[in-house]
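Each of the two complexes below includes subunit A, the first together with subunit B, the second together with subunit C.
And now, the complex of A and B:
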């Protein structure tokens, strides 16, 4: 079959980037930051539960939420399915491709063998878009990779049916229809309100700004959870990975949210939102300083109480900045 | 910017070496097309070095390189960094 004429672009995050690219393909002009912002993607959560052997944190809403919120707030209709049987999953994928419909599939990142080996880790929630097939190969667009690639059918199958936590189960989604005239202004305001609610109003002490405050308080306790210095340094350096290296667009999605606000200010013709976008960019720069500090002290094994206190103070300053930011943002919507 | 592309490439090499406090390699030792990341290369950068370099480039040239996926492509070599800065800032020399 001929490949679908699909405009492959790199993007920051697999879910937001893939949704934006599929919408663009369907004729909707929308950017990745706009998808992220309208879907209320910005978030923070600090977790120390039995589920996690070591404290960890998240910087965005849970996987799948972006797609669902875009459907709800912009009136986009998407088809989606999960499968037990890989053969049926492939048959359904092939049917859609034959109809000329690009299909996003959830995969274990590890099996994406066009990426360099050092980059490939087992993460079950990665999305790529299939845009054609050629014999025993599929044509694949991955927003993390500069060009369209071919992947062996068997390899893709391994990725789509990998086991473990949050197993893909062959999950796929595609665009069925887009609204003729999406109400961006309304969707943007709802997205901003959602972000404000998530960051300021959820009455749970480890979510939103309260989660950042908890992160700041608790990080000085991290040595007691670590097996040894090696383990602690690994976990401290992971702060950098979670903020910068997981398709966050930098600074734990704060830069992406800032870009959303800038684009929103243009659509809504609201200069105050533009000023808020600059403030969020500066907040992101502060998070990036945290990434760098964590990476440096982790790499050098400088993990004494005074260094963790420095990290704690830097995180607390982000909590204060974000509390003030979202409080001020609330006055604009 | 009123410097030539070659001068810019030299400047980038000096910036990288200074930022990472690498003293046993000279700018001339780094090939413009050589991959900067990975073991076995002259510098052998890792992802932490990448953040340091991104912040240094941002400060010196006032360019933003926020997204790590794109940053990874831009930081491939001295040539690709120079190309990015040239495009962002304009180069007359």
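And now, the complex of A and C:
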């Protein structure tokens, strides 16, 4: 079959980028930051659980929530399914492709073999879009990769049916219809309120601003979880990867959120939001400094208590800045 | 962050970051990965040290092949248990070489599938004459050809054909 005429371009994050690209393909003009902001994607969580080999953090809302919130708040109709049987999952995918519908699928990032080995880790919540098929291969648009690629059917199947936490279970989704006149103003305000709730109001000590505070306190304990100095260096340098490289748009989604606020200020004609976008960009600059500092001390193996304290102080200052920011933002919506 | 401050020259890994443009608008900038550009060698060095150390311990009988792959792939015991569909307590036992020997072929196949390796690679370390650095934990689709060896799966789930190839 001929591939679907699909405008492939790179984006910052797999879920927001994929949802925005599918909406654009269906004729809805919406940017990735707008998808992120309306869906209330900004977040923070600090975790030390058996699921992970080392303490870690997240900087966005739960995977899948972006799509769900966009459906709900903008009135987009999406089709979605999970499967137990890979053969049925493939047949359903093929049917949609034959109808000319691009389909987003959830995969384990590890199996995306067009990416270099060092990038490929086991994360079950990566989203890619399938835009065609050719014999034993699918044509795939991954917003983390500069061009459309081919992937073996067997490899995609492994990715779609990997087990473990947040297993994809063959999950796929596609756009059924878009609303003629989405109510952006209402959706933007709801998205901002959700962001404020996520960052300030969740009564759990490791989520939101409290999560950033916990991160700042706990990072000085990290040496006791490490196998050796190189392991600690790796984990400290991973802070940079988690904030910058793993599809955040930079500074742990803070730059993307600033861009959303800027676009929101234009739509709502609200100068206060314009000013808040500048403040969020400055907060992001602080996160970027943390990223760079973590990479540098990790590389130099300067991982003694003093350097970790410095890192801890930098993170605490982000908690303070974000607490103030979201408290002020609350007054505007 | 200004656009020019996020620009990094790195062909190997492109990313999209949001930044302030020259006209003070905010928008996406496609650029290279800072950490890949500056610190990939350091990451690979640490991975090599980790692998060397784990291999030494595995050959000395201190750890099982399961421990070797699990640590190398940075997967927790919980996650491995979930992915393989094997009880966590059993996975813990199989990390010990003594208990690993008692694992069934079916269980080993489940582990091998998680690591995307042939089951045979849980029992062997392959060195080639040309290239002693061939990785037993290769990724099927990309690991073989550049290393002088390639492994093909067969219709028999426990059999793999290992073939020498011309190095590209």
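What we mean here is this: the second predicted complex is superposed on the first by the 328 of 333 C-alpha atoms of A that agree within 3 Å, B and C clash if a C-alpha of one lies under 4 Å from a C-alpha of the other, contacts with A are read in each partner's own complex, and residues count from 1 in each chain.
Here, contacts are C-beta pairs under 8 Å (C-beta built on N, C-alpha and C of every residue); 3 or more make two chains touch, one makes a residue touch a chain.
Here the structure is a predicted model, which means the values were calculated and not measured.
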*Based on the superposed arrangement around subunit A, label subunit B with subunit C as either clash or fit.*
clash
*Does the superposition put A:50 against subunit B (first), subunit C (second), both, or neither?*
second
*Touching A:180 in the superposition: subunit B (first), subunit C (second), both, neither?*
neither
*asked:* Just checking: does A:240 make contact with subunit B only, subunit C only, both, or neither of them? Give me first, second, both or neither.
replied: both
*A:203 contacts which: subunit B (first), subunit C (second), both, neither?*
neither
*Is A:27 touching the first partner subunit B, the second partner subunit C, both, or neither of them?*
neither
*Which of the two partners, first being subunit B and second being subunit C, lies in contact with A:262: first, second, both, or neither?*
second
*Could you figure out whether subunit B or subunit C reaches more residues of subunit A?*
C
*asked:* Going by the contact rule set out at the top, does A:113 touch subunit B (first), subunit C (second), both, or neither?
replied: second
_Where subunit C runs into subunit B (options 24-32, 42-50 or 60-68)_ = 24-32
_Residues of subunit A contacting subunit B in one complex and subunit C in the other_ = 10-12, 118, 143-144, 146, 237, 240-241, 244-245, 247, 249-251, 255-256, 284, 288, 291-292, 295, 299
_Touching residues on subunit A, where the partner in the complex is subunit C_ = 10-12, 17, 32-33, 50-53, 110-111, 113, 116-122, 143-146, 152, 155, 158, 162-165, 167, 230-231, 233-234, 237, 240-241, 244-245, 247, 249-251, 255-256, 258-259, 262-263, 277, 281, 284-285, 288, 291-292, 295, 298-299
*Can you list the subunit B residues touching subunit A in their complex?*
38, 47-48, 51-52, 55, 64, 66-70, 73
*List of subunit A residues in touch with subunit B within their complex*: 10-12, 118, 143-144, 146, 237, 240-241, 244-245, 247-251, 255-256, 284, 288, 291-292, 295-296, 299
_Interfacial residue positions of subunit C with respect to subunit A in the complex_ = 1, 6, 12-20, 25-28, 30, 33-36, 38-40, 42-44, 46, 49-50, 73-79, 82-85, 114, 116, 139-143
